[in-house]
Amino acid sequence: MIDVQRMPDHREIAIDKVGVKGVRYPITVLDKDHGKQRTVASINMYVNLPHEFKGTHMSRFIEILNEYRRAIDIREIGGLLRDIKTRLDAQSAHLELNFPYFLTKSAPASGAESLVDYDVTYSASIDDRDQERTSMVLHVPITTVCPCSKEISERGAHNQRGMVSLTIRLRRFVWMEDLIRLIEDSGSGQVYALLKRDDEKVCTEWAYDNPRFVEDVVREVALRLKDDPNVIYFKVESENHESIHNHNAYACIEVDKEML
Amino acid sequence: MIDVQRMPDHREIAIDKVGVKGVRYPITVLDKDHGKQRTVASINMYVNLPHEFKGTHMSRFIEILNEYRRAIDIREIGGLLRDIKTRLDAQSAHLELNFPYFLTKSAPASGAESLVDYDVTYSASIDDRDQERTSMVLHVPITTVCPCSKEISERGAHNQRGMVSLTIRLRRFVWMEDLIRLIEDSGSGQVYALLKRDDEKVCTEWAYDNPRFVEDVVREVALRLKDDPNVIYFKVESENHESIHNHNAYACIEVDKEML
Amino acid sequence: MIDVQRMPDHREIAIDKVGVKGVRYPITVLDKDHGKQRTVASINMYVNLPHEFKGTHMSRFIEILNEYRRAIDIREIGGLLRDIKTRLDAQSAHLELNFPYFLTKSAPASGAESLVDYDVTYSASIDDRDQERTSMVLHVPITTVCPCSKEISERGAHNQRGMVSLTIRLRRFVWMEDLIRLIEDSGSGQVYALLKRDDEKVCTEWAYDNPRFVEDVVREVALRLKDDPNVIYFKVESENHESIHNHNAYACIEVDKEML
Amino acid sequence: MIDVQRMPDHREIAIDKVGVKGVRYPITVLDKDHGKQRTVASINMYVNLPHEFKGTHMSRFIEILNEYRRAIDIREIGGLLRDIKTRLDAQSAHLELNFPYFLTKSAPASGAESLVDYDVTYSASIDDRDQERTSMVLHVPITTVCPCSKEISERGAHNQRGMVSLTIRLRRFVWMEDLIRLIEDSGSGQVYALLKRDDEKVCTEWAYDNPRFVEDVVREVALRLKDDPNVIYFKVESENHESIHNHNAYACIEVDKEML
């Protein structure tokens, strides 16, 4: 049977990335507290395509995924990427995993345990010299109380759920758990799945005592990351689902230490 | 050219609805304050298909849409529906329009004007006896302050943006504007696009003085609709984007007066 | 500490459903081939609220979820629902689980195995007389080749991915696997995650030889369900992501045997 | 009333972007054929914030939007951006507009006219030296017929709707219409809202005679843009909603001529 993908292409145009997108698959990821955690990912896998070939062989991505999905160890991601390069006959390879990640949290007064879900995207690439490059995007929900509303009002203060998104490139492995906790400390308060009445009292008063604009949130995160020698790059974004508006408030700080 | 759709079908199964879904089109709708308003809709159009025919002629829906879209008057929707029935050679016809609708609101202290968007779905059907049946779904953002959090906390109270969804069937035409305002009065406070500092103070204090659970919100709406003789059916849902949780609180009341 | 939720309410309006919505949690569901399957669900849990009480105790839903999530057996869902009723002090209880479900499929020529994901929503309710009522919605992707395009064209035929949604109420337990396979047989062809070249040839030719309108797809499913005594109710919807249009084609058949 | 936002901040961290996100507003944009076109946008507006200030004045964004929305002329966007800078007391300003844009298309055989919607994001920034920088993202649906499936199959070929996304930076103004048409020529065929039977025949046969991989689509677009001196930067992505898979095929070419 003819291999159309391997036929020559005469347009002289190389392709940066070609592959499969939106493959939903169960995966197992590392978990600081429990060793590993099973979740479900939406996966993208790409390679480059030299100008002389017409197409890539997309089914091979799925074959590789079938072999690895039972335990994707992001500390060993280089092996998976080199496999993709070799079997797709490419010079570079890319992997993107988007999945919910769960942490057990204890309510602040009662200690009642529950799970909170965080949306995570992990990206890894390998180039023609086998250099790896990884980055991570974490989405962490927080509570924010508006400092202006608190200051100018005689009672109360508008507050809301906000979402902090951190894109980060690191020199060495860091547990997601540690980054998530760093971010949760940057808001007026944390969110939980399970709060009893005495917890709700603590959360309400704590947040009221720690009002934070979206501007404060991104500054607090930046403060903790800007001098960390393990951090190569970060972009922190904070988006408040404003309780008094039908639109969101947004702030962003981006620092690329390789560019400094 | 052969008309495959008109070929006979021998499975003896009639189809309730067949047509086009997700057609994005600019439309003009009635506006209480300005006569009409231009917006963009996602449109579904269906007819029934008797058991003896293989398919319907989908392109005719788009032809009809082309003729009507410049001014869809929901008070005259019967004409459009009868047109669909006739030209698609059907016994029943259905139209669903989903679109953002904009109202000018004045901030409570400064009077500063801005637009707030409401997501609206308008549905209309006509049956084999030319009986029309219409319903509307309005999505109205509000502010809610938690009564429990306020009561048990020494200072502050968690609050958040909530979304009230009202599905309603009426005997006679009612302006969307009037229904939206009825819903906005059911929360702890309204949301605005533009609030100056003195407005923010008013909104914060007003909401703090009017704490409402999701349970209260749906009860307040139900209270205003349950004895209205013009209301045939309503379902009111309220969903709070809880500022201290990563999930939502939800309440729903459904009343079908035809079933009573 | 005062229990605000238990305070009396004087509006005389009972609430049909009140609870938590969009709780993301890892769950384990039954799997015909492997005993059980771990996945991630978005969960809604509701109870009714009598007119005399101000609010419900939402944290209890999460407490119950924590106890059950390690193995939700939909054949034993009644126990969970009765637990909710009892602990929330309610007369009725509702549970909705939305999750991706994975089946291993073998490619038609090579036999190569891969996973296909199906979006499933499982709903269960219990009323004041402990009567259970369950339903399921399955979203199953298929391939459809247009019979009209094939008939009128000298070569080729437009085709596309379509999505079949089946809402079903059954008297006795049926494996999701069996319903999914019934639906997959209703299109022009099935979809797979992994197809080698000889599989692609088989899929292409098979689908071309079995052209199906959205009308045909819902009729094929209805044909298999309408006389099945185990089926109480079904609604089958088919939506084609038309390859020659920027909107979808849609068809729907709904049969409620309790209404007949 | 105290101006909390203007209070000093001592963390010594400047913020890159702060503002409002997801403001839905009706706008009027330029239209090559009709002068202007009314549509509905989701709008983001940001400024920088120097390290010495605690916050920005978000309500001013909405005030400016209220003044400009009746006619946003992207050829005169510099004026709007300078206004934002001045009134927010900032050194840089950013505007992002996401909206559906409609073009009238004529069916290939019958000439029947209908509208096709394209999702457009227009971004513009101005820096501290009043240098403007604009870019645009166009999402254009196309039909693609798989060359491999056609070649290896005795009859038929799998095909599907694909979405081409072009991100582009230009030296001089170019009509969106011209870019959209360039992209539509890169697939196996175009999509339409209204096709009569003789049009469907033409579309089917034309696409079958012009099979294109996602790789071909991005190469065809790149071929037309890479030597155009007006193009500073482009990224073209093509994503096929594969009719035989439940995931998508994807290809991407990115060329930054400033980096060459």
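Order of writing sets the chain letters: A, B, C and D. Residues in each chain are counted from 1.
Simple rule for what comes next: a contact is a pair of C-beta atoms (placed from the backbone, for glycine too) under 8 Å apart; a residue touches a chain by one contact, two chains touch by 3 or more.
Fair warning: this is a prediction, and the values are worked out from it, not measured in the lab.
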Exercise for the section: Using the touch definition from the top, list the chains contacting both chain B and chain C. Expected result: A, D
Exercise for the section: Compare the CA centroid of chain D with every other chain's and tell me the farthest one. Expected result: C
Fill in the blank from the handout: Expressed in whole Å, how far the mean CA point of chain B lies from that of chain D is 29
Fill in the blank from the handout: chain A and chain D have mean C-alpha positions lying a whole-number Å distance apart equal to 25
Exercise for the section: Measure off the straight-line distance from the CA centroid of chain C to the CA centroid of chain D, and report it in whole Å. Expected result: 35
Practice task
Any chance you could list the residues of chain B touching two or more other chains?
Solution key: 1, 23-24, 117, 148, 152, 193, 195, 197, 201, 246-247
Problem - Contact footprint of chain D on chain C as seen in their complex - result: 116-117, 141, 143-146, 148-150, 152-161, 189, 191-193, 195, 197, 200-201, 203-205, 207-209, 241-247
Completion exercise
The residues of chain A that touch chain C in their complex are 1, 3, 23-26, 37-40, 59, 62-63, 66, 100, 102, 112-115, 117, 193-198, 201
Handout entry: Touching residues (chain side chain C, partner chain B) in the complex
Key = 1-2, 4-5, 9, 11, 13-24, 44, 46, 49, 54-56, 58, 147-148, 151-152, 213-216, 218-219, 222-223, 226, 239, 246-254
